[in-house]
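A quick write-up on the structure given underneath.
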Amino acid sequence: MKRRLRDIPWAVTMLVPSMALLAVWTVYPLVKAVQNGHLSCDSTGNRCTDAGWGQYKVVFLSNEFQHALLVSIKLALLTVPAGVVFGVGLAVLADKQLRAIGVFRTIFSSTVATSVAVASLVWFVLLQPQIGVLSDLFSGWFPVLKNPGLLNDHGTALSAVALSSIWANLGFTFIIVTAGLQSVPRELYESAYVDGAGSVRRFTDITLPMIMPSLLFVSIVLTTRALQSYGEIALLTGGGPNPQKSTTTIPYLIYGQNSIIHNNLQIKSAAAVLLFLISLVFAVVQFRGFEKRVHYGS
Amino acid sequence: MAADTVRGARKAGRYALLVAVSAVVLFPIWAVLMQALKSGPDSLDHPRSLLPVDLTFGTIRAAWDQGDLGRLLLNSMFVSVMVTIGVVITSLLAAYAFAFLQFPLKGPLFIAFLATMLVPGEVTVVINQKTADSLGWINSYQGLIVPSLASTFGVFLVRQMFLQLPRELREAASLDGVGHLRFLWEVAAPLSRPTLGALGLFTFLGTWNAYLWPSQVIRGDRAHETIQIGLERLKNSDISKINLVTGGLVVAALPIFVMLVLFQRQLVRGLTAGAVKG
Amino acid sequence: MRRSSSRRSSSLFVLAALGLVAACSGGGSITNSGGTTTTAAAPGTGTPGTGAASTSAATTSTVPLDSLPGCPTDALASTTGTTTISFWHGMSGALNDELVKLTDAYNASQTKVKVKLVQGSYEQTADNYLQASQGNRPDLVQMPEYMVQSIIDTKSTVPVGKCIAASKFDTSAFLPSALAAYSTQGVQWSMPFNISNPVLFYNKKVFVAAGLDPNKPPQSLEELKADSQKIVSTGAAKYGIALESGFDSGGGWYVEQWFAKSEQFYLDGQNGRQARATKVLYNNQTGVDLLTYLQGLINDKLAVNVGDNSGSGYDNLLKMADAKEPAAMTINTSASLGPVLEVLKGGQFPQLTADDVGVGPMPGPDGKPGALIGGASLWVVNSGSDAKTAAAWDYLTYLVAAQQQSEWASTTGYIPVRTDATTLDPYKTTLATDPRFSVAFDQLKASPDAPTSAGPVVGPLREVRSVLATAVAAILNGADVKKSLDNAANQANALITDYNNRNG
């Protein structure tokens, strides 16, 4: 009891830096956004009227928000499974004691260091329809690369963004899955080998279950990144192509320069709060999945 | 004999596959590098040659000069170093309180800390931009640095590390009259060096690569712009500067690739430590 | 066991995600949010088929000058030391280089004022300005033409009309249409600085190969079509013209230009200049005819659509330099002329040299010349400091002086804001040696003397253009013209109503 009280000044001193920063830059903006979300103001934000909580409903149900939600989910569906599969493929390929394997591992992890801006602009340069290298080399087989260009075609734009994301995330996925693979006890393989299990059986019966925690972690991170993708959209497509706005994700709807609400702070706040709630739903669902895995796994 | 041949063929097959896949993974970087290293007319010839011949540093030098990239690299470096130091310090302090100190409401407070992890940056930037504006921090280093100085993940990670330290250590130290700060600085922190290294590297990379927040808080002021935002400006230059962005990409990516090669082990540790967090 | 559980959890999350979407289909537009604007979305508010004559122009209103902040242009005289001002501008690439050069020369020429430049794109600069609080705004800001009403409504600037009056600044050499573009309801709000308008870029080599006169670009839309037919049928190039649908080009700004060329209003309230505009008029017959024509070019494979150009601003120009499937012509802002010639001189595109590029006036409905003022103007920000206001005005008058305008125009392709700049070197020599630089100027001077020659102003003009650009993109992809324009008009009108309710 005495100890508990004696430590208080120290605890306060040590916690205050983090707490103050989090209060100002994480908690306050959330509260303020919730409050902003039901206002309607002039473009300078000086004169406001209360638009009511119904404004959240209007924003959520609006065609633009629903569309952006759908785009965000599509992007997750395009990037997460493919990203995991490629990551596992690379990791399995490099999971052998061979000479110079370290070089290949470094190559496979190399994209972990690329920022969203670098990765996106690399693909922007490659995919440029008139002078880009991909159009120059492959437009004979894939005319869409030139006319109108992968990023300018309604049907392919989101996939092209996904391609850039998958590539950028490859290094991360590879590293995590490789770590998962290395934690699999070798004896399991040996006994399975003795039992006459083929390499496919060994993979499905031993490897896959054993690296499931890594895969789950990777999918959670990739899903989060997909739901929050802004930079790749801003740099690759600007939310376009029009008229479908095929790549306007929720973050782009909020922050994008071409977004219809770019100068309406109140609607932006409302949309941000909704993004928070959606992230929360995903977090809870993922946590449930995680909990279950821990339960069965132990 | 036959088994050896089969094994040899398999090995060769795997190498072939490794090389082929590496080529695919590296192709984007290679193609951009070749475009950046060739003179104007060569860089866009048709059909495109990706062979490393007739290389020149002209495009990269032009991007360096016109994009003011030296300045931007220094900005990114300064901001990333400051944030990294700050995060390590604030995480150490808060983690120490949660791991070694006794005080009322410790449990609920820790839960509250963890809960802030549920708020993505993409949600708070709308208002943080306004806050930065009212503080006069638009186009400033403070604006880039201060909001990132606390990391819930860092607190969590370091606390986990501290909890693994034997409790007797702290008890012995306090019998010897060693205060909290000295114990933290001389015992707990050094023992947690690998974790701190991973956290630091992770924070550094995250700050260096950040895009959304810098794009909202740095609004056209080259003196404070980070390299990531500078790249966007190069991309948006007019048609006469069409190739500059490739030069900028090389400059922006190079330091990080060097870091990757130097600190691969720490990076892997940091990332897999993240896996614990879930 | 393990596998099935995680499979269950991941399918659960996908289901939850889709459930979110499915639960709530069919809503209105996000721009209809806000308690006061529920009536704005009512369809059919546009009155199709009404031309300029039948527009119910609201009563003309003028803003009383006394109610606006003053401009103490002589305040610098009483200061000692250097007054530092910041200038936010939207010039990038070679245009930025030239502005830096002019500004460095200004800073070096005197010690009273030091100008600090802050560069963004137009859109960034506009967003930065609107999102900054009054104390964090610059002392001088460059704003594109579509921001006029929006900046007026921030009530944060000193109208340059007051500075002109206070310092007895001589504007007699200025292009009257340039000044008019930045004046509404009797107030000269800002000072034109860089004027551009769309011109036709064409490949002379292709014209020769197609048997066309390389010095006679098409003047009317009919000629444009005929020339394109000849180019495509002779195989001189794959396409006649490259079209695009960027909001500040083919999807929005050009449509405004074409309306002016047809002497039609684009907005009510006489393009919003006599009274606050309340609705768009572009879904009338003029608009339908125009977009039907453009769609026809695509359908007949005479034109290629390169999509939304607002990202880079030069996808359509690159289409002219395409090695495989080039287009012979495109429409682009005259401001790109300098940079385009510069890049072509660099030899990056062997199939198109600087000398191959011809420039003609923007083809219009009946071949009549004329153009709206595009580009940007300079706004003196009401910083509360007399010295800064005076310093901003001093620097502004430097930038629009005849000599600086001559230098500015000769490197960029912008039109000088004043006629006497054409009599000074280097612009004088540029005009004499390269007539391509005079096309935009001549086209502007030939604009009809009509109220439609002052372009539209309305608070959310940028968003209104975006909405139209979306419709234009759909039309170029084959959507029904009238329906697309009506939809866009409804959405634009809702935006305007919402804006007026909040700011009116």
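For reference, chains read A, B and C in written order, and residue numbers begin at 1 within each chain.
Methods note: a residue touches a chain if its C-beta (ideal position, glycine included) is under 8 Å from a C-beta of that chain, and two chains touch if they have at least 3 such contacts.
Computed from a predicted structure; not experimentally measured.
Engineer: For the pairs A-C and B-C, output the one whose chains share more C-beta pairs in contact.
Structural biologist: Pair with the higher count of C-beta contacts: A-C.
Engineer: Computing the C-alpha centre of each chain, which chain sits at the greatest distance from chain B?
Structural biologist: C
Engineer: Compute the distance, rounded to whole Å, between the mean C-alpha positions of chain A and chain B.
Structural biologist: Going by mean C-alpha positions, chain A sits 16 Å from chain B.
Engineer: Any idea how many Å lie between the Cα centroids of chain A and chain C?
Structural biologist: Whole-Å distance between the two chain centres: 35.
Engineer: As a quick test, compute the distance in whole Å between the mean CA positions of chain B and chain C.
Structural biologist: Once rounded, the distance between the two centres reads 39 Å.
Engineer: Where in chain A do residues touch two or more other chains at once?
Structural biologist: 131, 136, 265, 290
Engineer: For chain B, what residues touch not just one other chain but two or more?
Structural biologist: Within chain B, residues 44, 46, 130, 235, 242 contact more than one other chain.
Engineer: Which residues does chain C have that touch at least 2 chains other than itself?
Structural biologist: Only 121, 124, 131, 318, 323-324 qualify.
Engineer: Which stretch or stretches of chain A touch chain C in the complex?
Structural biologist: Residues in contact with chain C: 40-44, 47, 49-52, 54-55, 58-66, 69-70, 73, 76-77, 128-131, 136, 139, 146-149, 152-154, 208-209, 212, 215-216, 219, 223, 237-238, 240-243, 245, 253, 257-258, 260-263, 265-267, 270-271, 278, 281-282, 285-286, 288-290, 292-293, 295-297.
Engineer: Which of the residues in chain B come into contact with chain C in the complex?
Structural biologist: 40-41, 43-46, 66, 129-130, 133-134, 136, 138-139, 219-222, 233, 235-243
Engineer: Considering only the defined contacts, which chain A positions touch chain B in the complex?
Structural biologist: 3-4, 7-8, 10-11, 13-15, 17-19, 21-22, 24-30, 32-33, 36, 90, 93-94, 96, 98, 101, 104, 106-118, 121-126, 131, 133, 136-137, 167, 170, 172, 175-176, 179, 213-214, 217, 220-221, 224, 228, 230-231, 234-235, 251, 254-255, 265, 268-269, 272-273, 275-276, 279-280, 283, 287, 290
Engineer: For the complex, which residues does chain C have touching chain B?
Structural biologist: 88, 92-95, 97, 118-121, 124-125, 128, 131-133, 135-136, 312-314, 317-318, 323-324, 336, 339-340, 342-343, 346-350
Engineer: Provide the residue numbers of chain C that touch chain A in the complex, in ascending order.
Structural biologist: Contacts found on chain C: 1-3, 5-6, 8-10, 12-14, 16-18, 20-21, 24-37, 121, 123-124, 127, 130-131, 150, 153-156, 245, 247, 251, 304-308, 310-311, 315, 318-319, 321-325, 459, 463, 466-467, 469-471, 473-474, 477, 479, 495, 499, 502-503.
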